[in-house]
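In the two complexes that follow, chain A is the common piece, with chain B as its partner first and chain C second.
Now for the complex of A and B:
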């Protein structure tokens, strides 16, 4: 591989995830996070070269809402800007690419959007193939249930296994002040919750939530000035697979497997369990098991590496921010800012982001406390 | 119903229905509520003192928060305008009419406004205008509370006074 620049996460700020903020617009939620992230780096906004946002105007129904966000991102003096209708973790990937191209040395990545103002089940239905799938009214919960059913049939995983995974995430989320659901629940309690869409119970699904997130990236030379412990990107890869749900093996995630393999190889690692923790964008326990398996990890159980020490998406899943929050969580863990949910002695971690129905498109970051390339 | 179609299917029509629940937000809610009392509120940049109408939570220019709310006048100056000659669906306005940017006295940014009670040909950049409000008891705290703006008859303002407030 040709010489790559070392790029690090140097700042992260997140609004606590809530079901509904009746008093603020998405921009009003985002502005304090941008200011906090910059203040943590000890810089003014003019220290940032490039900016990229992950959001979708369909979420809160404000035409050109992404343009209104430029004011609260501090876009002055004018800088290069990009907007993605994707999880903002993919925006971080774009920023990393721009740094590799030598276009910029620092970048601001934001994610925002208010699902409480819109109707996520209607909006996410529109991501499906329009003639056969969207038309029958499938939403993201029902496609996740199709996937869970396929996985359980192949692997033999049971309702009890799903409940155990959900309980593990709920216990972790209780220690994370930014999580939306902060009450631990036992597997037994979760297994008694009613069916949402069989085989998924309401206790196995994330709450609808909203937040606003700002993450700062910087290249070697600048990163050390902005942060006492930058968290370096050692490897990353993203893979997408076909949209047609009937055309792929829903019980597996081929794109996660390939992205993880490539990202680990880039980081000089061969196995995902060589890191200390993983933050996974899995919106159901079945998705988590599929993603774990795709990464070559034990699909259930296991105490090391730590999985979703923040509580994961089951304790807070703001659409288009969930992946960026995973990246921010790994930054917190490795830079010493994770507080009550810190994984002791963590030096390396994986952040996973996903986009689309049934894990259609997956992005894997491998991060560490030391610089990767000399 | 079960017979195959005689003609090939050429298109499929599907309806998209996306319901929304509008949250005005802290700043816009205060602004809208004040219109009910015939007051126009702006927010003041804590660094430069510039006043933004409708209120912005921060100055896009200085990036400082604009936390203080101040009242501005309901009259100002036409900074730029156009004459509209095409009907807009859902708007019952006789064409041609004038759509203008109006910088209210005390405000650093202009708002969009409908200009009536004047021949379109007579409208000028720099012309002084005032708001015409809905009568008491009919204002609901929305943008329709100001029905339109009309000339005040005061002398025009020189362009230098508003060129930075277009």
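Now for the complex of A and C:
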């Protein structure tokens, strides 16, 4: 592998996650975030070389939903541009690759989408193989329940364990002003919520919501000018698995394990617990346990490193933005902007993004306050 | 780009109105198998996969690449899915180029497809945006006013679009993969029903099922391959905002900025004389004349005259779309990559019966959105 460039997150702005913003279009939600992220870097739009967006037409309920975002991203004069039909964290991954190719020194990464325009259950059913699987009517809660069952059967995890994980996230989310659900709940309270799809209770499922996110990346030399504490990307990797739910071991996440191993190796680390905090795109407590295990961490209970100090997806899950928000949260933590949910003294962190049913496709970033390569 | 990148394999499907013999996965797999065979590689040699297609609503599957990961040998590999409207196939291939240029990947499989028979393209391309009066007229209804504006500005006579359509069909008779391979005359086009004035039925692209896959690789892999590669000299994708006062959709600024960046990167100063063949995105016949100007092949107002003199025909100075182009096969999400892939095949010397003799430098182009997204590359037979 040739020499890698140091690239950092230098700006981040996020609309608070809500179930439905009745007063704004997706573009109106995004525009203030673009302005805030640029303002934080002290620059105007022309100072940024490249732009890449992540969103999905089915979330907006119309084809070409991303076209209208060009205007609020300031695409005049014309900009070097790409749009990914993916969680916007993958747009950040691609912007990093683009900087490694040497074509640009800075990039704006945005994520947006109004899930309230449609029905998430029906939309996410359409992610499944169309001829046999989607036609059954499986939704994301049912596939998540299959995965939770598989994990509990293998590991011996109990309903109480799931409740504890959910309660931990809820307690953290109460300190995050951008979270959608800000009421803490005890494990006992959550364990008394009704079944959604066994073994998942309504209290173990994420509130689906909408937001808009803008993140600015810059390469060494430019990053230091845009941000007093850039948060450097030390390592990253992403892996997809075949979708076939019967063709893989749903109790494990092989793609997360491989992506984490590669990202940690790039960062010069051997273990995920060498970082101070992790933000995980796990949409249920069972998914969180599977992801923790795939990264070589305790599946439950530990206090170091900190897991989801923002409250994670269980306190706000804007579909296909959840991963980019994890990256933004690690930036906030390591640059000193996390406020009431700050992890004291945090110097390194991991941001994890996931999309698809049953943790099908996973992306891992390892980040730190110091430059990785000299 | 940090290091050289080449196309080492190209595979496409036969295109048709309805490929009822295959599922979406089967269609994609057909292109992937051909591309791997062409490159002399196997699934295990592939480091990453880059998918592209146009709106998911065309087939009614959200992020179909997710269920396709297994079908294309993508299990436990990095996967990216691109969507930039009609330009998507071209920007997808450029995304694969970035993967290799970054130095992190040696061989990247890139795939673009559309199986339009599984849905209704007219419906899927008629976005009903909140708070905006619905046009519900498909792409032809959107672009017809800009064709009229081009004719008004340039004084082009009415037979130019039909000449382009007839020439495209003539070219496609030599392309075994093309969807529409029956020749038509200028009179046939002019006598066909008017759909969106001045765009007639035979000025219009078909709705196709089809896929293309390519393998993009590093210099070391390309030099080891069984065949002559196509070297990517330069490639960029640009987009422009929709609601800008004075935005010119007849000759969009994003197209001009994009092609200038591509020419600068490839050392092209005189495109008409330095480029041997071009595959450009022409879904409605008149756009060939319009893009000749936007791409700098001729002066403003001269595009239709190039067509009238037949200088862009097969065997003439600068053959445009010797494959027959989008007018003869339009699996929307794949159409842009087909333009880039056909350009690569030309400089590899493997375009079959529609090979432009001695082609060394070729341009591939696609556009999308409301003429907002552009993705262009120049490929060469020499590093």
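Points to keep in mind about this one:
Here is the rule we use: the second predicted complex is superposed on the first by the 372 of 374 C-alpha atoms of A that agree within 3 Å, B and C clash if a C-alpha of one lies under 4 Å from a C-alpha of the other, contacts with A are read in each partner's own complex, and residues count from 1 in each chain.
Quick note on the criterion: a contact is a pair of C-beta atoms (placed from the backbone, for glycine too) under 8 Å apart; a residue touches a chain by one contact, two chains touch by 3 or more.
Worth saying up front: this structure is predicted, and the values here are computed from it rather than measured.
In the superposed model, more residues of chain A are touched by C than by the other of chain B and chain C. Look at A:118: by the touch rule set out above, it reaches chain B but stays clear of chain C.
In the superposition on chain A, contact of A:97 is made with chain C only, not with chain B. Within the superposed three-chain model, A:126 lies in touch with chain B and with chain C [touch as defined at top]. By the touch criterion defined above, A:299 reaches neither chain B nor chain C. In the superposition on chain A, A:231 makes contact with neither chain B nor chain C. When the shared chain is aligned, chain B and chain C each come close enough to touch A:58. In the superposed model, A:24 makes contact with chain B only, not with chain C. Of the two partner chains placed by superposition, chain B and chain C are both touched by A:71.
Of the two partner chains placed by superposition, chain B and chain C are both touched by A:134.
Common to the chain B and chain C interfaces on chain A are residues 25, 58, 70-71, 74-76, 117, 123, 126, 130-131, 134. On the chain A side of its complex with chain C, the touching residues are 1-2, 4, 25, 56-58, 62-64, 66-68, 70-71, 73-86, 90, 93-94, 97-98, 100-103, 117, 123-124, 126-131, 133-134, 237-244, 247, 254-255, 258, 355-357, 360-361.
Per the touch definition, chain C reaches chain A in the complex via residues 1-3, 23-24, 49, 55-57, 59-64, 66-67, 69-70, 74-85, 91, 95, 98-99, 101-104, 118, 124-125, 127-131, 236-244, 252-254, 257-258, 369-370, 372-373.
Residues 21-25, 27-28, 31, 44-45, 58, 60-61, 70-72, 74-76, 114, 116-119, 122-123, 126, 130-131, 134-135 of chain A touch chain B in their complex. Residues 12, 14, 16-29, 56-58, 60-61, 63, 65 of chain B touch chain A in their complex.
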